[in-house]
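One chain, subunit A, links the two complexes that follow: it is found with subunit B in the first and with subunit C in the second.
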Partner chain A sequence: MRAAFARVGFTQNQVYSISTYLNILAAFLFVSVQYYLWSAIFEHAVHGQYSLSDMLQYVLAAEVLSVCLHSNADRQLGQMVRTGSLAHVMLKPVAFTEQIFFESLGVNAYRLLFICVPLVLCSIFAFGVEYHFGPARLAGFLALAGLAYIFIYLFELLLGLISFFSVNTWGINSLKMAVITVFSGRFLPISAYPENFRALVDELPFKIMYFEPLNFLIKGGDWAGMFIRQCGWIAAAFLVVFYLQRALLKKMVIQGG
Partner chain B sequence: MEQIELKNLTKTYVSKELRSFKDYFLALLGRIPERRLDAVSDVSFSIAKGEFVGLIGRNGAGKSTLIKLLTGILTPTSGEISVLGRVPHRSRRQNNYKISAVFGQRTQLKWDISAYESFRLIRYMYDVPEARWRSNLERFVRMLDLSRLMYKPVRTLSLGQRMRMELCAAFLYDPELVFLDEPTIGLDIFAKEVIGDFLLEIKRSKETTVLLTTHDVSDIERLCERTMILDGGKVVFDGETNGIAEILEMGIFLEFKCEKRETVLPPGLAGGQAETLPHCIKINGVDKRDVPRLTQSVMGLNNVLEIKVEPPDFEKVLKNFYASKIPFGT
Partner chain C sequence: MAILSRYLKLYIVAGANNLKSLVVYKVDFIIGLVSMFLNNAMRFLILLFIFRLVDQIKGWSFDQMLFLYGFSTMVTGLWHCFFINVISLPYYVRTGGFDRFLLRPVNLLFQLTIDSLDEDGWGELLLGMILVLTAYFRLELPAAKLILLIPAVLSGTAVLIAVSLMLSSLSFVSVGGVPIMGLLVKMFEFTKYPVDIFGNTLKIVLSTVIPLGFATFYPGMMFLTENVALYLPLVLLFSAGYFMFSYFIWNYSLKFYVSSGS
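And then the complex of A and B:
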C-alpha cells in the first residue's frame, strides 16, 4: 500500500516531461552560478575552515538535498484546507500524514533520479568539481540525510497543521523559507556565520536539516553525536505534531459546502 | 439493522464576521467577537442497512455538515452519533474501510494521472482482493461507459466523465455505506441518466446503504423511497418521498381537453383552484378521494376528449414547503 502511494507520487511528476527538462536546465544553471560565484569569492579571500573545493561540494550537495528532502507537507496540507479537499483525504483508511509521507517519497525518488543525478554529473563533467568523500563517509551522510528527511517532514507537517486555523499558507511559507535560509545551513555552512549568531543557531534544531549531514560529508566529525541529536529532535517534533494534530482534528472545519 | 443512529446531534460553528476595513486590523489583535451558528441542530434519526435515503434542503441547510459528521471528519458539539456501530469521529479510520463518499464539487482522484492509477491505489488502500477488485472494475467500467477514458489524465476529463469516474471509485471496494453529496451537480441530462441508472443497479444488486444529497429532486424521486428535508440545521421532514405532497395537502392536478371552446366548471370548487382556458379546464389541489366525483361532474357538463391526472410536481411541493415552513412531525 505504501509502495502504491510512492508510485502515485512518482508518476504524478513523470507526466510533466517538459518540466523535467526545464528542471535539468535549471540544475545546470545552478551549478554554473555556484561555480563562478565561489571561485570569485575564493580568489579574493581565504574562507575559514572551507576551501573552494569543500565549499563547492557543500553547496552542490546542499542543492541535491533541497531538491529531494522536502515533502512539502505544509503546502499540500494548506491547499487541502483552503480548497476543502481535505474531506476526501480524511475519508481514507490511511492517515493523511502517512499518505503525504509516502507520496512524497515517490515524488522525491523521481526528483533524485531526474534532477539530482544530472546536477551531480554536470558538476563533475562540465565544471570538474571533485567529490573527496569515501563510501563510509557517504553511508554515514545518507543515514543522517535520512533522519533529516524525517525531521523536515515533521517540521513541514507542523507548519501545515497551523493552516488548519490560519487557512492561508502565505505567512507559514514565509516562515519556513526564513527558517531554512537562516538557521539550517542550506545556503552557507553554519561554521561560516559570525560567532554570536552561530551560538544561537547551535541551540536550535534546524541545523540538523542541512548543516550537520553536509558538514559530516565534507569534513567528517562525531557521527554518533549528530545521530543522537537528530533522533532527539525528531522525537520532540513527533510529540508536538502528534498532540497538535489530535487537538486540531477536533476543531477542524472543512471549507465550502 | 440500523447503520446510522443519531440522537439530538448538534454541531456549532464559531465564526468571525469582518464587516469593515477596520475589522481586519482588529482581527489581528483577536478583537472581533465570535458568532456561533448551529449548522446541525438537535437532529435525531436512524437509517437501516440497504436504505436509499434522499437528503434535501436549501443551500446552507446543514446537509454537508451532517455528512461530514457521519463520516467522522467533524466532531459534533453535542448529542449521540453511531455509524456502523461506532462513534465516527473516534473510530474514523476503522469506519473508513466500509464508508465511501462522492462530493460533487471535489475529487478523490489524483488530478495529474489516469483514473486507473487512482483505482489501483484504492485496491491497495482498502486491501481489496485482486479478483473482486477486477470484477467490480470491469462491471462498473461497462455500466458507466468508462473504457475509453480510463487511462487519460483526470484533469483532461469533462465534469460528466469525471463524475462517472468518481462513482466508479466510490463503489469499487464494496463499501457498506455511501454518502453522495450532490453527485449530479452541473451535469447534462445524459450524464445524469447514466449515473441514475448506475445507482439503481447498485440498489438492485448490492445491499449498500446510500444517503443522497442533491438539489435535483428528480434524482431523489427516482432513487429514494425515503426523504429527509433539512432546514436551518433541523430535520423538518422525514418520511416517504411520495408522502411529502400528501402531507402538504397539495392534492392532484387534473386537466381536461374539451371539444367546445367554451367550457363549464362544476359547482363547489374553491376560488383560484380551477382555471378555464379555450378547450381546456385545469383544476389544482384535488384530494385523491374527490378525483372520480369531480371527473364525472366535469364530463357531465362538457364533452371531454382527453383527461390528464398528475401528482403534484415534487419541485413545486418543495418550493411550497420552504415558503410555508409547515412544522412537520417525523
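And then the complex of A and C:
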C-alpha cells in the first residue's frame, strides 16, 4: 500500500515530457545565477570558512535538497480542509498523514531524477564545479538529509494543521518559506551569518533542515552530535504534531463539499 | 474609446469582486500580506548578510545593488498583483476552463488576467518601494528624477509580462503540463542583480533573447547613471516592442489550442 502511494506520486509527474526540458533549462539558469554571483563576490577577498568552491557546492547542494525535501503536507492538508475532501481521506483504512508522506516520497524520487540530476550534471559539465566529498562523507550526509526530511515533513504537517483555523494556505506557505530562508541555512551557510544572529539561529531547530547536513557534506564535523540533535528535535516535533492532531480531529468540522 | 471604457468597467467589476472575496476572509488577507512581505524581507536579509562579506560586487556598491534589488522586487510585485494569472494558463487549458473564455466577446488575455488578481503581491510591492526609496536617499539621487520611476517600473513590468506570456503560450502547444512557475522564479532571479556580473554571453542573452535585463537593470540605469537621454527611450521602446512581439506569439500559439474536452 505504501509503495503504491509512492508510485502514484512518481507517475503523477510523468505525464508531460516538455516539463522535463523546461526543468533542465531552469536548472541551467539557476546554476548560472549562482555561479556568476558567487564568483563575483569572491573576486574581492572574502573572510570566512568557505572558499568559492565550498560555497558553490553548498548553494547547489542546498538547491538539490530543497527540490527533494518537502512533503507539501501543509498544502495538501490545507486543500483537504478547504474542499472537505478530508472526510473521504479519513474514511480510508490508512492514516492521511501516512498517505501524504509516502506520496511525497514518490514525487521527490521523480524530482531527484528529473530536476536534481540535470542540475548537478549541468554544474559539473557546463560550469566546471568540482564536488570534493568522498563516499563516506556522502553516506553520512544522506543519513542526516533523511532525518531532515522527516523533520521537514513534521514541520509541514504542523503548518497544515494550522489550516484548520485559517484557509489561507498560500500565506502559511509564504511564512514557512520565510522561516526556512533565514533560519535553516537554505541560501547561505549559517557560519557566514553575523555573530549575534548566528547565536539566535543556533538555538532554533531549523538549522537541522539544511545547514547541518550540508555543512557536514562540505566541511565534515561531529556527525554523531548532529545525528543525536536531529533525533531529539524530531521526537519533539512528533509529540507536538501528534497531540495537536488528536485534539483538532476531535473538534473537526467538515466543510460541505 | 467606447471599448476602452467598457474594459475599464470590466476591470473595476473584477477588482471589486476580488476585494469582496478578501473582505470575507479578512484574517487570511492579512496573513497573506504579512507573510509575503516577511518572505521577501528575509530573502533581502540574506542578501544583506552576503554583502557583509564584501563591500562591493564587480564595482557595484551596496546602495546601487540595493536599488536594483528593490526595483526588481517592485516590478515583480506589480506583476504578481495584476498579471500572475497569466502563468495559470496551463491549468485553464488542462481543465478546459479556457473554453469558457473563448465563448465571451472580450479579449482573451484580458479575461485571463482579471480572472484572479493576487493580493499577496502587495507585500512584495510595498517592500520593493521601501528598498528603492531607501537606496534612493542613500545614493542622494536628484529628487526631480523620482518621477521617472513611473515609466521605469511600468516598462520593467511589461517585460516581465511579456516573458511570462511567451512561456505560457507553450501550454497551447503542449496540453497544459508545463511547470512555468518554477522556471519563471529561476528566471526572475536574474533581475535582482546587475546584468554585467553574469559574464558576456549571458549579458547578451539577457539583453536580447530573454531580455530580463530590461526588467530592472536598464531601467535602473536611468537612475544609477547620468545617461537618462539614452536609457529612457531605449527602455520604453524596447519594452513596448517586446511586449507586442510576445503578444503576437501568444495569439499565434492560440491557433494550436485544442480543447482538452474535460
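Convention: the second predicted complex is superposed on the first by the 253 of 257 C-alpha atoms of A that agree within 3 Å, B and C clash if a C-alpha of one lies under 4 Å from a C-alpha of the other, contacts with A are read in each partner's own complex, and residues count from 1 in each chain.
The definition used in the following text is that contacts are C-beta pairs under 8 Å (C-beta built on N, C-alpha and C of every residue); 3 or more make two chains touch, one makes a residue touch a chain.
Computed from a prediction, not measured in an experiment: that's the story for all the values here.
In the superposed model, A:Ala126 lies in contact with neither subunit B nor subunit C. In the superposition on chain A, A:Ala235 makes contact with neither subunit B nor subunit C. Greater residue coverage of subunit A by touch, when subunit B is weighed against subunit C, goes to C. Once chain A of one complex is fitted onto chain A of the other, the partner contacts of A:Ala199 are absent, as it touches neither subunit B nor subunit C. Once the two complexes are laid over each other on the shared chain, residue contacts for A:Ala247 go to neither subunit B nor subunit C.
In the superposition on chain A, A:Ala4 makes contact with subunit B only, not with subunit C. Once chain A of one complex is fitted onto chain A of the other, the partner contacts of A:Met90 are limited to subunit B, with no touch recorded for subunit C. Put simply, subunit A uses residues 15-16 to touch subunit B in one complex and subunit C in the other. Note for the complex: subunit C touches subunit A at residues 25, 27-29, 31-36, 38-39, 41-43, 45-46, 49-50, 52-58, 120, 170, 174-180, 182-183, 186-187, 189-190, 193, 197-199, 202.
Per the touch definition, subunit B reaches subunit A in the complex via residues 13, 59-60, 63-64, 68, 71-75, 89, 92-94, 96-97, 99-101, 103, 105-108, 110, 112-113, 117-118, 120-121, 123-127, 153, 181. Within the complex, the subunit A residues that touch subunit B are 1, 3-5, 7-8, 11-12, 15-16, 83-88, 90-95, 249-254, 256-257. Put simply, subunit A touches subunit C in their complex at residues 15-16, 18-19, 22-23, 25-26, 29-30, 32-33, 36-37, 40-41, 43-44, 46-48, 166-168, 170-172, 174-175, 177-178, 181-182, 187-188, 192-194, 197.
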